[in-house]
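Next come two complexes built around subunit A: one with subunit B, the other with subunit C.
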Partner chain A sequence: MSAPTGSTGQHAEPEEEFYTWTGKTRRWVLKKLPPDKLLPQDQPSYVASWIYVFGMGAIASLVIIIVSGLILSLNGPLWWHVSGFGHFINSTHLWSVEFFFLFMVVHLWGKYWMAAWRGGRVLTWITGVVSFAVSIVAAFTGYLLQTNFDSQWIAFEGKDALNAVGIGAWFNVANLGQIFMWHIVLLPLAVAAIVAFHVILVRVHGVVPPLDAADTDAQLQPAPQPVPQAQTLQQPTEEPTEVAR
Partner chain B sequence: MSKPLSPMSWRKGTGIAGRPWKGQVREYDLFKELTIGVIVVTVLVVGVSLILSSPDDPSITLKTWANAKPADFVATATAELGGTSETAGYGPPYNSTPDATQTLGPIDLQSFSGVRIPIDTAKDLVIHPLSTLPNPPKEIATWTTASDKQRTDWTAAYSKALDKAPDNDPAKVADGSYGPVPALTGSLLAMAQEGSLDGVLQSRGSFYNTDYTPTILFLGDGTYFPDLATSQHLTGDQWGMMNETGNYPGQSWLWLFSFFYQIEPVKSAANADILVVVIMGVLTLLLAIVPFIPGLRTIPRWIPLHRLVWKDYYKKR
Partner chain C sequence: MNSLLALAAGESPAIYLGWGDFVIQLGNFVVIIVMLVLFALALVLPFPAAKRRK
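Showing the complex of A and B:
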């Protein structure tokens, strides 16, 4: 493999060649998800409903789950039994999880009724369902870590389903050390990774258009060009920039 | 000529859903939305936490049990000695009791792991803890040198006698041929009542131990621990999978998982656990592949709730 050498000798910037794995990966990433798609400043006009808030609500809850979980883990699993502040942090951890699931379920149902898998978005749907399933396992391990009567009973009762399918030996609900690792390392990493992938897929494919959208719809017609204003320095973009409210 | 795609198809296609949006747009600040979301949810979470707090019923110990229900403790210790407790007959991953596993037809996933967490109930839960006492009961030798049949006869006779005794009180048991069993279970009760059994059973000769399996199983073999759970609506037939102590929502997302334990034929099936896990696994898979299932993926068109979501768009068509 040889790198291209020499210069074009022209004034214009030569188009960069991608000849390494790293460079080719960059080209692929930039093609799939250019910066204006990753961090857009606008959304299609149809993204105008309260239902769109719940996905972000779930992510906001996840942020609070992680922050409260970090405080709990830094102090150890028994701290919250002997500290008023610890008990409060435990409460915020519990309630942020409750809100997380509430928002996620509303988000999931919303996306179902919008048939949001349309137009090549099936992996976005699947990663959403997987993140829901993995979150359930993560929450279950949290209930096992409470080190109180609840966790004792959940360990006793929960073992049967896991043993029946042959995974109780490795996912032993009565082994606090093992469950601690699942709850504060492996499962949070899994949830965060899947949620991040899910969000990236949403950015790559964009928000699904209305079910009955047709090419003849007024909002799909080219918008009138805004009157150029001398004092603005905005660069023209490929897409219409009119804000439809 | 290729067939046009269904409007509900997951395929990219050439329709509006599969193309980058070229229509009108509106300003939308994702980071601002996230920031506002975090602030609003934080306020909600802190508010609810201050008002409702979180449940924390203290854990129970073998000492609690032995002092609260000594008769139950002795009956359970006898069952552990005789190999008739639930744990003793559980099968993998704790022991290799024949025909104990939950199967689904010819599929026996429970045996897949083998005995990876071995628990010999007589040895691990009774004899070994007693042998750590400064003055171990001499009846240990009688037990360990006896034949399996002799041990079974002793424990069976003592279990029956405990059942018949007033209040199941070991002190009121009729005379009989129980061998060393009353002495062994009585010593274990004394050990538990003073609190040393918790430590011995948990540490198992090691300084560090985070595995509570033997203690949890021992507690569950009695009636004291399950009775406490029943009083808090935590058992499987009380939707216990999704409940927690006190008036808290618990794991409400496990409602469907809990639901299947409430209905026949699952409710009274010997293999209820594997049935429920398999049903939930299939349903989760179906949910994940809804976009590929004709009919299921078309329901949003038949019941057009999407008209509510996009009512502004449709109004301006």
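Showing the complex of A and C:
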């Protein structure tokens, strides 16, 4: 339930009172990530550069990885040895992973050299690093599922390293069934969740501006806060800002 | 051509490049070079102009 308070003008938004945890959560989410920030119509003008496309390239590759991986997992790890279509899907899976890492590394370089952790974006940077690390583990388990001499070799080289750090009993790279579960359930869920959180953080804080962006850029100013109606009426019309469409 | 196809299909032993103590597999080397080239091009190539809204 809500109770409008203090609205006298016909253009005023009624102020809503939040007293349940769901209502308070909604208020917090809408404050942190209003719909126009979650799904923006425009981006700042500095985003019109090729260096800003590699994050999206990595996400597009991840979508292809998940779709091709889903088809492979439904048919089992041996399917690609006996089916031409299976071989094609397996190759699609491999090459989308190659592109995923390629785009992710160029994205990482771009963000490193523009110090993308500025402006309260530390968690965005950290989630990017974590997603990179978890993706490496996911790719490693993928190599273990090839069911050929390569995967045998990788498993029996890797097991010594994992035993040395004391996790070989829980993460046994010589156990095909266990690694299959890690590769098609736990690690994809982890990568997808971290990447989704990473993208949401980018939406919350906005795309990081270049180092030499002028402090007067409209995109660098904090988002306008809702103001009481009496003040709203006295505000001058906001100047349009330069945006890339 | 057949040897290239066989190489792409993983049927031949991998090619390794070496400079002194530094050794790298050809495939890994190519990927790193492609990443560096993409990074450099992304910095210098102009971004296509946006379509104007009606």
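Here, the second predicted complex is superposed on the first by the 201 of 245 C-alpha atoms of A that agree within 3 Å, B and C clash if a C-alpha of one lies under 4 Å from a C-alpha of the other, contacts with A are read in each partner's own complex, and residues count from 1 in each chain.
Keep in mind that, in the parts below, a residue touches a chain if its C-beta (ideal position, glycine included) is under 8 Å from a C-beta of that chain, and two chains touch if they have at least 3 such contacts.
Since the model is a prediction, treat every value here as computed from it, not as a measurement.
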Review point. Can A:Gly76 be said to touch subunit B (first), subunit C (second), both, or neither?
Key: neither
**Study point:** More subunit A residues in contact - subunit B or subunit C
**Key:** B
Review point. Is A:Gly23 contacted by the first partner subunit B, the second partner subunit C, both or neither?
Key: neither
Check your understanding: Taking the superposition as given, does A:Pro34 touch the first partner, subunit B, the second, subunit C, both, or neither?
Key -> neither
Exercise for review: Quick one: classify A:Val106 as touching subunit B (first), subunit C (second), both or neither.
Suggested key: second
Practice item. Applying the touch criterion given at the start, work out whether A:Val129 contacts subunit B, subunit C, both or neither, answering first, second, both or neither. Key: first
Practice item. Quick one: classify A:Ala48 as touching subunit B (first), subunit C (second), both or neither. Key: both
Exercise for review: Please identify the positions on subunit A that touch both subunit B and subunit C, taking each partner from its own complex.
Suggested key: 48-49, 51, 53, 98, 105, 110, 150, 244-245
Review point. For subunit A, which residues are in contact with subunit B within the complex?
Key: 39-49, 51, 53, 56-57, 59-61, 63-64, 80-81, 87-88, 90-92, 94-96, 98-99, 101, 105, 110, 112-115, 117-122, 125-126, 129-130, 133, 136, 139-140, 143, 146-153, 155-161, 163-170, 172, 174-178, 180, 206, 208-215, 217-221, 223, 239-245
Point to revise | List of subunit C residues in touch with subunit A within their complex | key: 10, 31, 34-35, 38-39, 41-43, 45, 47, 50-53
Revision key, fill the gap. Given the complex, residues on subunit A that touch subunit C span 48-51, 53-54, 98, 102, 105-106, 109-110, 150, 244-245
Review point. Taking the complex as given, what residues does subunit B use to touch subunit A?
Key: 7-13, 15-31, 33-34, 37-38, 40-42, 44-46, 48-50, 52-60, 90, 92-93, 101-102, 109-114, 116-117, 210-213, 216-217, 219-220, 225, 228-229, 232, 234-236, 240-241, 244-245, 248-249, 251-254, 271, 273-274, 276-278, 284, 287-292, 297, 300-301, 303-306, 308-314, 316-317
